[in-house]
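Both complexes shown next keep chain A, but they swap its partner, so chain B is in the first and chain C is in the second.
Up next, the complex of A and B:
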């Protein structure tokens, strides 16, 4: 349950020298984002569009030398939870009943909605996983900044990311201390102790956070990260974006015209 | 409560995205362009704290999941508009880096949790500040009400979006979401009150609007960051 152990899942994986990893973070953000948008905006039963998206994602994963196991390890945090929730759809949608499970009726409309939703969710999740696995977090922020995200928004994201590790470190220390004092939680969610721990955690993290920030300011942090190498688009970057986005957008528009 | 990609009708996704973007835009303007050495760590630690709290996730029948929100705590510490920005940032990071919540559904998620949750909690806290004396009991009481209400309002907005999209009938998703979130909201209220109580006991200056504390959004003589 504790997601704090899963911070490693946000780090870069695969071959860092691959053709995908070396692409400009902006084209990865836009390219993979457009795959998600094509899948999500397609009608529920637009299977050619889903197949096209899956093909592009597979191509990116192979080029980045990401194994299915790595992708699954990251998608597993979210995907089963979502599919479990979506599994209720066939029972609650009204329509032509095709089968009954106990007192519940499965409808054809519900089943096709479920299949479409599952495909869209899987494409969206894998697309975000591929971005996270091929692009470091500071690079995602640089891309957002260069794509004209407001500076304050990027700054808050930067500080949040920095302090997630502070909070995680304090959680670890507090857990160790609680175990050393013989604390054995009897329920998963004991609201009282969790609340007190949360209050103490916030104050401890904030205390360290203040000192860290002052240290950053003392070393000359002015709200942006210094960049050794400025972002510059090369021909391969443009090619990546075109290859990822153009066929899919064309396919999506063709489906629109045919519908 | 994070809506994944695929659950929303494109029209609903676009409309909620436009609403969320304008609200966050207002929040950014109200926060100003500068964070100083008092507000920068507070914003960052609150964001990280909310990020960690939202990772405790469990599924809810009818198409989505439930978790602690952190909106009321953020609003109590940062004020409603900066809380709205911080929640939007947390949700964006979750969508892009952890694949939690859809990228195309990001607008809806920001609208539900950041705008409806953050601003809703902020309004309740502000109303409490005006109507009640500035005592510990009054702050913790309104904090509890704000925490529970923020969770319920977010769940309500989420259910309406799923219902309007036609993914699941509103009559099914609404009672399921509100029922589960009535309980989650109670847990959220307990945690919010405990955290606020601890902050009030040792760092009352960190609480937005507490006996004349300068808020994050107020002008500060020495802007250090991002100006």
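Up next, the complex of A and C:
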């Protein structure tokens, strides 16, 4: 169940009074989103673009007083998984063979593609980590709403965020109750109760959904969420966006023209 | 809307055929505090859902003179606040502030008035310090009080609470009692916790089999052990309702 406790990794970290934390959530979303976009859209071997992205992310992390350890603790939830999938690229990509591991050949082109994909992944992950560490989830939702993301999407994300903790608690209690009655599955044939528990959990979640709807309707909900409290941009917010996004987008466009 | 519940021969049958209300007669006047007691399946929650139009039954139901009907649902919801048993069902927004603001915004109030209502409601339940916290970080007692604030922010004239003392430790229960005692709204408290009902409400009604089977002063009603046991209700051993009310007063 440790993974469920890891949900606390979604909370704000670093210095909450830092220049980055205090920025409007919209500029952080757009700024860090554009860093990811530049990295992802760049050709695989566009290392100047990756270096630019890394420089911006480092600057943001330093300004937000986020330690490398904090960033790594959060990034390691996603990063190894994606890198594991990418690790096959050097073996399947055809090209000049540089080494052999058993019956598999490592190619130079494959290695270069892997390095590019790894850089893109790392930049995307660290951008997301920095956004999550400097902006509370409710603020990210407000930013999405103000940036005209479809309201249904924001509503689903909002309810998911709110109830993932409740459902996690129910899973934890069910698991404890099963173990308290001596359930210790040792092979696949003993996995049946887990299926029953999953079914029970689904029914409980469904029942809760019904009750939540009643509670919403009782307070006058008629199908559309009321408008969130408005956000206000200040000069420092605009400056942050310009500093984070403009040089990178310019660099990216220059690379495009040169290519 | 003046706050009076007037139900006459209120009946409701669930789609599966279960008869939940089989002719409820009930009158509650402005400013009264009434405990609704009864065994499981007596129809207490179904009655509660009727009071702000979440269910519409047959028979007559008027809240503050407004007849419960499809056309008056918005009016009922503005005037009757329901606090559900599980605060996790009631608190669905990412932060306490947004959750308490949900009702006022649905009433069409502007940002400044909404903010005023949020501050006022949280102050009334002593929960101002948690205004920017997500509900899942709060204790059960805090969540229960915030759930009450989400409804108080709509300034209802009738507050209906479903099992407000469920799952609370003695301290949280005592604090909740103080909070509710300080409100001047008409209260309808659906509960199994008879000592809680005795301390808070001067009047009690017993619901069983979808009907009101007893209605009277809490002290007298809770002292009637024959009546209580006939409807699967039981006071803790040694509990004297009349003393409890004197202590609370």
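As a working rule, the second predicted complex is superposed on the first by the 226 of 259 C-alpha atoms of A that agree within 3 Å, B and C clash if a C-alpha of one lies under 4 Å from a C-alpha of the other, contacts with A are read in each partner's own complex, and residues count from 1 in each chain.
In this text, a residue touches a chain if its C-beta (ideal position, glycine included) is under 8 Å from a C-beta of that chain, and two chains touch if they have at least 3 such contacts.
Given the structure is predicted, the values throughout are model-derived calculations rather than measurements.
Undergrad: A:119 in the overlay: touching chain B, chain C, both, or neither? Say first, second, both or neither.
TA: Once the two structures are laid over each other on A, A:119 reaches chain B alone.
Undergrad: Among the partners chain B and chain C, which is in contact with a greater number of residues of chain A?
TA: Counting residues of chain A touched by each partner, the higher count goes to B.
Undergrad: Just chain B (first), just chain C (second), both, or neither: which does A:92 touch?
TA: first
Undergrad: Does chain B (first) or chain C (second) touch A:220, or do both, or does neither?
TA: Once the two structures are laid over each other on A, A:220 reaches chain C alone.
Undergrad: Could you say whether A:138 touches chain B, chain C, both of them, or neither, answering first, second, both or neither?
TA: A:138 sits against chain C, while chain B stays out of touch.
Undergrad: Just checking: does A:202 make contact with chain B only, chain C only, both, or neither of them? Give me first, second, both or neither.
TA: Touch partner of A:202: chain B, not chain C.
Undergrad: I'd like to know which partner A:166 touches here: chain B for first, chain C for second, both or neither.
TA: After superposing on A, A:166 lies in contact with both chain B and chain C.
Undergrad: In the overlaid three-chain picture, which partner chain does A:255 touch, first (chain B) or second (chain C), both, or neither?
TA: Touch partners of A:255: none, neither chain B nor chain C.
Undergrad: A:231 in the overlay: touching chain B, chain C, both, or neither? Say first, second, both or neither.
TA: In the superposition, A:231 touches no partner, neither chain B nor chain C.
Undergrad: Quick check on my understanding: which residues of chain A belong to both its chain B contact set and its chain C contact set?
TA: Residues 137, 159, 161-163, 166, 212, 214, 217, 221-222 of chain A touch both chain B and chain C.
Undergrad: Inside the complex, what are the residues of chain A that reach chain C?
TA: Residue list for chain A touching chain C: 137-138, 141, 158-159, 161-163, 165-166, 208, 211-212, 214-222, 226-230.
Undergrad: Which residues of chain B touch chain A in the complex?
TA: Checking each residue of chain B against chain A gives 4-8, 10, 13, 24-25, 28, 31-33, 35, 37, 40-45, 47-49, 51-53, 55-65, 85-86, 88-90, 92-93, 95-100, 102-105, 167-169, 172-173, 186-187, 190-191, 193-199, 202-203, 206, 224-227.
Undergrad: Across the complex, what residues on chain C touch chain A?
TA: 49, 52, 54, 74, 77-78, 81-82, 84, 86, 88-95, 98, 101-103, 105-107, 111, 134-136, 150-151, 154
Undergrad: Help me check something: in the complex, which residues belonging to chain A touch chain B?
TA: So the residues of chain A in touch with chain B come to 1-4, 6, 9-10, 29, 33, 36-37, 39-41, 74-75, 77-78, 81-82, 84-86, 88-89, 92-94, 113, 116-121, 123-129, 131-132, 137, 140, 150-153, 155-157, 159-164, 166-168, 171, 189, 191-192, 194-196, 198-203, 205-206, 209-210, 212-214, 217, 221-224.
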